[in-house]
Amino acid sequence: MSKTLTYYRTYVIRALIIICMIATLASWYLVSPPIDALANELSIWNMNIVTFTLFVGVITILSRYVQGVKERADNWVFMLYAIVLIVVWIIFGTFTGIYADIYQTAFLSTKITLHISILGQLIFFMTSAAYRLFRIRTTRTLLYALCTATIVLCNSPLLLGPFPVVDKISFWLLNNPSMSGSRALMLTGGIGGAVLGIRILLGLEKGALRATEEL
Amino acid sequence: MISTDPWVWISALMTICSFSLLYGENPLFRFGEYTYTAIVVAHSVVTGISTLNSRFAPLFSGAKPLLIIPLILGLMSLFVVWRRYAWIASFPIAIMIGVGTGLSMRALIATEILSNIAAVIRESGLILVGPPVSSLGYLIRVVFTITGVFYLLFTVAHKGPLNKPLSYLREIGKYAFLSYLGLSVGNAIMQHSGLATSAISRLLGQWLGL
Amino acid sequence: MLTSAFTGQIIVSGKLFQLLTALTVGILTYIAYHYGKQGRTWEIRQLDALEAIYDGIGRAAETGRPILMLPGISNLGNPQTLAGLTLFGEISQRSAEIGVEAIASASSTAVITATEAIVRGAYTAAGKPELYAPGKYVRWFGGDQFAYAVGSAGQIMSTKPSVILYAGYFLFDVIVSGDMGSRVGAVQIGGTLGSMEMISMMCDHIFIGEELYAASAAITQDKMSMATIAGQDWVKLSAVGLMVLGILVKMAGSDAILNLMGM
Amino acid sequence: MLVYIVTCTIPIGASFEMSDITIEIYEFVDALPEGSVVFIGGSAVFAFDLESSAALIACLKHMARNKLRIVCAPFGVEAVQFHKYCIDAAGVMKNRGGDWEYGVDYVQLPYLPGGAAAYVALMENIHTAVATDVAGTPLNDLPLMQEVRNHEDIDAWICPHWAFDMIVRYVVAERDIPAIYFAQAAAYANYVPYMMAYPGKVWMTNGFLGGAQYEKLEGVPGLGCAVVDSYAVMSVVYVGFIILGNITMLQSRDEEEEIIQ
């Protein structure tokens, strides 16, 4: 593509970003029915466009796996199996619909079971980590080990049964010291996000725009 | 009694595949991993097809012809995977960035920033009322939040005569974060322990009938 | 009242303060950008975890074991990954100069490409381009979150690094590699805005929250990144100011500030 | 692993106390008048949300008993499956022995893509944001949806999913709808500031324990109670490991000192 076209394209893209941002912001702060209508229409368009991104994953994965099988890369047998599974699953799912009982059973027995057991078994790594990582060497590790052990014990029915007050302790800890740390992070994170938004609006943020400009 | 339902057997196989990670990298885990990836992308395609049917129903029934624009923009967004024509996708991406950033900015200011500041101010009025335990709680909330934000200042107030007293504030802020992280770890342990229980009890109960 | 006439007709009632906040954030950000453009620099305060990285490079030289850098499970579009790669750039440069091996593994293929480029650049800048070979320092184990965790755990076991740096976007997967890291006795340093509690559980030194970005700006001394951080600092300082003012007024028995904020 | 297998097969029947906040949530749901419309939704990761399912299933039974009506709004690709899982497990639908009839007491919307934009569009006007239900039936053909048109018709929002921030921002803060969060334990610490920032509008339970408490209040022991039971032993094992780690460290330090001497 010629340089002039690229140049105009960049401007069109920036203008699009700015129009969308101003519309969504202005519809919130200002009294103006036309802007409200525009912002609402843009939100619905956004929903519709995002639907298509659901297909991006399958295109990249399939192209990578097909390449892998062709080149007999490591694990190519697994890749071939994955390609077959993807195709079969899509046909099966489209045929039954996502709200059918059989689809639900198939999905729960495979993907969800795998995910739950992967997340669940992390507890074994955590337990082994508890042995090595919570060794009290500094005030930091002391505080850390104390906090973790307290919350682990205070949520345990072994203590909750005979001493109901430990529930109050665990909630007090979570809702006061822990909450404040979390709140400070939320507040500064919010400020970081708002500043990022302004920088995108003013066209200063190359990071987020790179997604559109370097394509 | 051991189950005769084939889905329960598949589910048991999947649980064993992922638990095999405890013994390190192995073909069984690889099998589970590829099954997982394949179903994740296939499920998103199935969901995508049914969502498209629902979202563009008003276009095809003629109720809302304007939806042709997002349909074209959506198709353009698929070019993102095609390196040579990826620039076509930049127009829909611009709309997604614009709408997303605008919406999140207005919400961040109202929810994350102002409502939290207001909460701190409200809580400061509660320090001197109520039982000592709750007073202490409110005092901790106010002090820890302010010092926490102070800790995350990087370019101001770390030089000159003010540095010494302010470094104590930063130190308190750091402990606020450490207590947050320590307590979150405790809570995360609780969650993963629960998930492990549910996975194992499913395996034992449904599959082996124990 | 002017404000009440103004709100309701032009500005939605109850949202004047929100709009003013947005404008304040905008003005402060622009002023910081303007200063940055003029070449003004700011000094970023000492970050403990960054000092620990420098100590770690020395320790690696003493023990002769490598430094491992993990930039997380996200891709190049994520600012956390970019901050992590900036740190890795500095580390690999310093390591190349004193003859320590700096190795890495990543989950996204784009990050792998960028990391390779960083290592090549570091060896060239250190005057030892002959030591660089593609695939020697950077490894890829597949795009999945847990494939990456298991792969990097294997890498830790086989290379026994003296220092491991986790800088980027991580979720619970970090437990797997973190546990292995503590088994081989590595000093672990980490920072993420993803699952911060898991990183903090595994690591001896942590970047809390945005310290990760501050560290990458401090290392590169890039004027525009510093200007962004300075701009955010001013907004944070204003927030602290508003809180303190509100508390003082509240202590005096008035809800004036809360009413003004519309909360 | 052995501890888990033992605790899973031999329940010890550990008892636990109620938290004030769980009781508050229960009373809030109880006080909703008959026919109130409750939305259930958020961005889902099923495996994480399993923890919230304990409280949600008990709450669904509670809502069905009180003749409330619900609309499930999935903002994540796995949310449709999660909602179906909970509704099926609660047994509240007519085909599973309950009283609820599809379209009259309960509607399942299709996946709503777009994150923040989806929440905003849905609050503004449900019928323009989404045209059909999950099975493709036009919303206007469903009796419940004829009454529910925008945010003014929603009485409460229940989030049994991961990203609660979106709901606080666009449902509670922007539209003033009260929200209940059956939080996953790992998410509780992150999102608890919202409960403090919106007192009386946002409530959160903590993990499986919160689920077990809701189950106990409703009198339907389920996954929550089972997990809390096994957790009783596991917590002791975990703290035991922390203490053991410290003892071995102290011992090895003594040995090192002896060698040095």
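First chain written, first letter: the chains are A, B, C and D, and each begins at residue 1.
The rule is short, and it goes like this: contacts are C-beta pairs under 8 Å (C-beta built on N, C-alpha and C of every residue); 3 or more make two chains touch, one makes a residue touch a chain.
Every value quoted in this text rests on a predicted model; they were computed, and no experiment measured them.
K.L.:
Where centres are the averaged C-alpha coordinates, which chain has the largest centre distance to subunit B?
P.N.:
Farthest chain from subunit B, going by C-alpha centroids: C.
K.L.:
For the pairs A-C and B-C, output the one whose chains share more C-beta pairs in contact.
P.N.:
Pair with the higher count of C-beta contacts: B-C.
K.L.:
Once you find the CA centre of subunit B and the CA centre of subunit D, what distance in Å lies between them?
P.N.:
15
K.L.:
Distance-wise, how many Å sit between the C-alpha centres of subunit A and subunit B, to the nearest whole number?
P.N.:
Centre separation, subunit A to subunit B: 5 Å.
K.L.:
Where does subunit D touch two or more other chains at once, residue-wise?
P.N.:
Residues 1, 47-48, 50, 77-78, 80, 113, 115, 117, 120, 134, 174, 186, 188-190, 193, 196, 206-207, 209, 231, 234-235, 238 of subunit D each touch two or more of the other chains.
K.L.:
Give me the residues of subunit B that touch two or more other chains.
P.N.:
In subunit B, residues 21-22, 36-37, 43-44, 47, 50-51, 55, 99-100, 103-106, 108-111, 113, 115-120, 141, 145, 149, 151-152, 177-178, 180-185, 187-190, 192-198, 200 touch at least two other chains, as defined above.
K.L.:
At which residue positions does subunit C touch at least two other chains?
P.N.:
18, 22, 25, 146, 172, 176, 196-197, 200-201, 209-210, 236, 239
K.L.:
Mind listing the subunit C positions that touch subunit A in their complex?
P.N.:
8-12, 15, 18-19, 22, 25-26, 29-30, 33, 77, 79, 82, 146, 172, 175-176, 178-179, 182-183, 193, 196, 200-202, 209-210, 228, 231-232, 235-236, 239
K.L.:
Report the residues of subunit D in contact with subunit B in the complex, numbered from low to high.
P.N.:
Listed in rising order, the residues are 1, 4-5, 7-9, 47-48, 50-51, 77-78, 80, 110-111, 113, 115-117, 120, 130-132, 134, 136, 138, 165, 168-170, 173-174, 184-186, 188-190, 193-194, 196-198, 206-209, 223, 226-227, 230-231, 234-235, 238.
K.L.:
Considering the complex alone, what residue numbers of subunit A touch subunit D?
P.N.:
Going by the criterion above, the answer is residues 24, 28, 40, 42-44, 46-51, 53-54, 97-99, 104, 107-108, 111-112, 115-116, 118-119, 123-124, 126-128, 130-137, 145, 148-149, 152-153, 155-158, 160-161, 164, 167, 171, 174-175, 178-179, 182-183, 186.
K.L.:
What residues of subunit D sit close enough to touch subunit A in their complex?
P.N.:
1, 14-17, 19-21, 45-48, 50, 77-78, 80-81, 84-85, 88, 108, 112-115, 117-118, 120-121, 124-125, 128-129, 134-135, 174, 188-193, 195-196, 206-207, 209, 228-229, 231-239, 241-242, 244-246, 249
K.L.:
Quick one: in the complex, what on subunit B touches subunit D?
P.N.:
Listed in rising order, the residues of subunit B that touch subunit D are 22, 43-44, 47, 50-51, 53-55, 57-58, 99-100, 103-104, 107-108, 110-111, 115-116, 118-119, 123, 141, 180, 183-184, 187-191, 193-198, 200-201, 204-205, 210.
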